[in-house]
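Notes follow the structure.
To keep things simple, chains are lettered A, B, C and D as they appear, and every chain counts its residues starting from 1.
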């Protein structure tokens, strides 16, 4: 029997990515959908397709909502029926997340793609294949809060791609400081950007994004201590820009390592990273956490974002840096709405199931 | 009587930008045109317009070649008649520049937009308003080489925009190190990029570009010594990428200053920079060498590249850096084919005329 | 003494285009601004610039609001003080236009860029240089309605560019039918399109646009009868799509003429069109109503939209059609937010002043 | 045992699309590769990857050349060894095709994506699922020319998408005239377009494209007569433009039918078309020749080009036309480099195998 999941925020872009990730899933079954009051009471089909005009609001290119999902009723997220639900995917905006996620998590394990609870001491901030040992925090969380379920959060999509590579470096070589300049795609949070702003242009600022990278990265890279994550003292500088790219964040990263390392050392650190996790062969898992390109013209967001179904982080142009001590630099492409959002949430759920955190 | 100039490489994109910059010029008159053997003997109109199809190869959007220029004969660059020419603009590819520029410079002052002679010790590498004191090198050059004319070069367009801001900082606060990630437009050298590569994409590598930034920047920022430029010991790290932007290079710059400085100190350094030069009110001069934006959404290449006719460097998002010692960071937009190429060459020529270097 | 104008909808994109068109105007002085209640009471500067963030909502690239305009108070459009105002530019959304324009027009001549009143029998639908004889309708309008002022409307921007060329053909050769497929830029009404929709894409439908072209074109081409426009019986078929182009509508037009005509006849009709009007040399007037390209690669929106400051209609690829009787076809580029909106409104105002319709 | 094929033009974009279509193919095995003299003698890996820089020239996004293909030697196309080859895919430029294809076809069945032989009376011009009955022409061709093999050609990619829909209409309702305006993607033949031309732009002309549509469409829609295709007398008018879209041609089509038809009649004609062919379930076949959209915002090239792996033609906005007699109009999206090129060639090959034309 499949694990029964509810997807909250099902009409939004993040929720739809989760739904796309759950399509035909071997382990999970979409048993309930929820959204804002406005959609409540409609079938999912009615909630996303305007009858009269025929216009459909489905944002995941190349897929369609599963027929079984189209027929499900959409519940009001504030009164979601949790009976018989084994896991909640909460893919809603910050304000809603702040209010709703604790309601769900009191009873059911809840995976959140939103910001509000990420930095709470007893809430893990997880990237599958990177810091799943932090998951043990949820036991502390349940104990402290007296909850039957828990909240497990996923990081900001920009932080995600970079953290995958930083973890690989930190394990082998140690990290002192990181500088990153991003050129981010417009899917995900950039969706609301007016077209007129981004065509043939670069937008030099994404509100709150640099702060997220600075705050979340150390928690991801931290060490599990007594009921909290002990964050390393890494200096982080971020400049986040938006480019006219549909999906895929490109990030130019410079790292000050704790010890001298050659380009080959760095490649070895990247290519050997995460094999234990990928060896689990979870359904949504990449085959390689990191894919290293030797062609200096790669990675490119349009060509590489979909590698391994958007779940690997593509890295290229690895070379010494001229400024930072023990400095190396590289570019990476990460798929912001795959590993960095809905599919990352599904992969985390697969690990939760694998590791016995669901139906416990 | 106007100063008579020859434009070599007149059918190419850089030469056409020079021609656009010379249109209706109060001081200069286009007296001769030259290009490769293939165009030699034709009128300029015939050289750039295919008679049968009507297709015109003129690359400077928003302008047309002046009728007087259209009627001029195109000479073979290898045998350009220099009699009666006061100044040569050489806007040709590297191989041609290496061979041709010394031929012209033996007799006539020659402004070059190309790479080959930039780093020769007695050749100045000039940005108007930044390091025009280096121009004195040409006296040494003429003496050493026994030439009547000289070569004065302009830097790589990516180096140009950054060097304007670095010079402003160096004058007031001193510079120890610079890190830059660029998102460059496709005009200029990117023109040959196949369309399929850049639409909805970022290209992570531009051959030779990072090297040019690293090598040329210290010479631009150097101090005029005895017959050579004394380069400061500044560490420079560059990552140069191409974005789907027509014109305008966006550069995310982080600088380690020699002393602590507030954001206001940096703004003051930028806003006070270059007033002596802009006060000359040369025809092609910007009114401000640097334009500082307070709106965090600026500068944007599409909105700001044409500010002050593409001759000012637009800067924004000035803020402290978290990694470099005395670090500050900002983004800039520079017009790669205006200040960074043809119009920069015309502005340099205006200064040469002003300072008495022509018809001396 | 200059003519005193009010601009309503001053914070919106259409109103800002009017303001840009009025900058430093020799005849008009911006004496009042109005917008929705939300902006009322603020200075214009405060209404468009967010103090805290510094973010400015000004949509006309390459210009800045005039300092005198920045200092003006923004009035509530519903209670705009009309005392001392000689002309109102109403640049507001349909619902607001329906309600507000009659209030203004009761007392003051009012130029409208909006849809609601365009098709009323006694309201002229005007393109400067095309059908200004229709302006006489306003006398009938004033008489019937007992108003001191009147409403004069401008057409939909897509209809505008095509109608300029159709009028030229109709005058010389007669028109029976028109088929057009458009590839429209995203400025103007496309501004609200989410970025994610249009990057690297074509949107095959623009709500209401095809209908506007079909309904408005015959009125523009009509003949002034007794207190109304007598519309010709021209069949019109339109397919309107949106392309990833910032500004400029490209339109592929096929026309069934009333008589056989060669390509040269058509070129002659285009090039001779409107010289009486352009001969008035009104400040915002194009020098040529229509610019004919022989280069088959033209017109292109990026290269040609700004020709003659966006006020000429650029036409190319004129050739016989294989399907329609007496068919000819061509492509045109028209600047949707210049001649097709704010600057067209200013040009109309210039003609109103010239022809004695203001302060009458 | 698999059918052994040779791919000529293997380093070019069309050849690579064929190779991608043959990857892991159940029926075909890539037994030989050929290209121009320059690549001859190298392994395929060496021919497409620059050793020193690591830069790889592989144009099919989302795929990689199969390892077995990478190891194959590249032969000189002029001396391709045909022994043991059952089928040649010739994916080369026009000049090469004119010379080479007859050499191959003398001995081996040859599928050509190129132009030169398409209009020869005894050479079929085939779209799988549309006019495969024309294939019988090859018997006449072999007889007349005394060849063991034959040439079978595929049409121009723009003609392909439209012809699929026209055939569906012609079968049920009859066609008198067709007018089409295209907005074409830049992959395929647009690949060489300089980036600077197409970003944020529309190019109004594609050399020879409109002529191909006009000439090839009637042959595709024709009836197999005695040793030749009898072409119907359909009037065709085409305007072909290039848009900043990576792949997928969008075409706005208006058709004069031979009889009145409602929108529902047209939808029925489209949805019932080609089921006999798709029922064969050939490996590369679409499930539906035509996919009809009810959402007026579809089809869009970015969202719909990859439907059914790029092999279906997506149609939308079906509605009556106001100008043509019995006129209906619609927009379609066809994948120019899938059904319209390499994968279409593979699908044709699959049918050749199915119908017994190989190894005869």
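Everything below uses one rule, namely that a contact is a pair of C-beta atoms (placed from the backbone, for glycine too) under 8 Å apart; a residue touches a chain by one contact, two chains touch by 3 or more.
The structure presented is a predicted model; accordingly, all values stated were derived computationally and were not measured.
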Pair of chains joined by more contacts [C-beta pairs], A-D or B-D: B-D
Relative to subunit D, chain with the most remote C-alpha centre: B
Inter-chain centre distance, subunit A versus subunit B - centres from mean C-alpha coordinates, in Å: 43
Whole-Å separation of chain centres (CA-atom averages), subunit B against subunit D: 47
For subunit A paired with subunit D, centre-to-centre distance based on mean C-alpha positions, whole Å: 40
Contacts with two or more other chains, residues of subunit C listed in rising order: 199-200, 244-246, 296-297, 302-303
Subunit C contact footprint on subunit B (complex, rising order): 49, 53-56, 61-62, 199-200, 246, 294-297, 302-303, 306
Subunit B contact footprint on subunit A (complex, rising order): 177-179, 181, 183, 200-205, 214, 235-237, 239, 241, 243-246, 250, 252, 254, 256, 296-303, 316-317, 321-324, 327, 329, 331
Residue ranges of subunit D in contact with subunit B within the complex: 59, 186-187, 190-200, 244-246
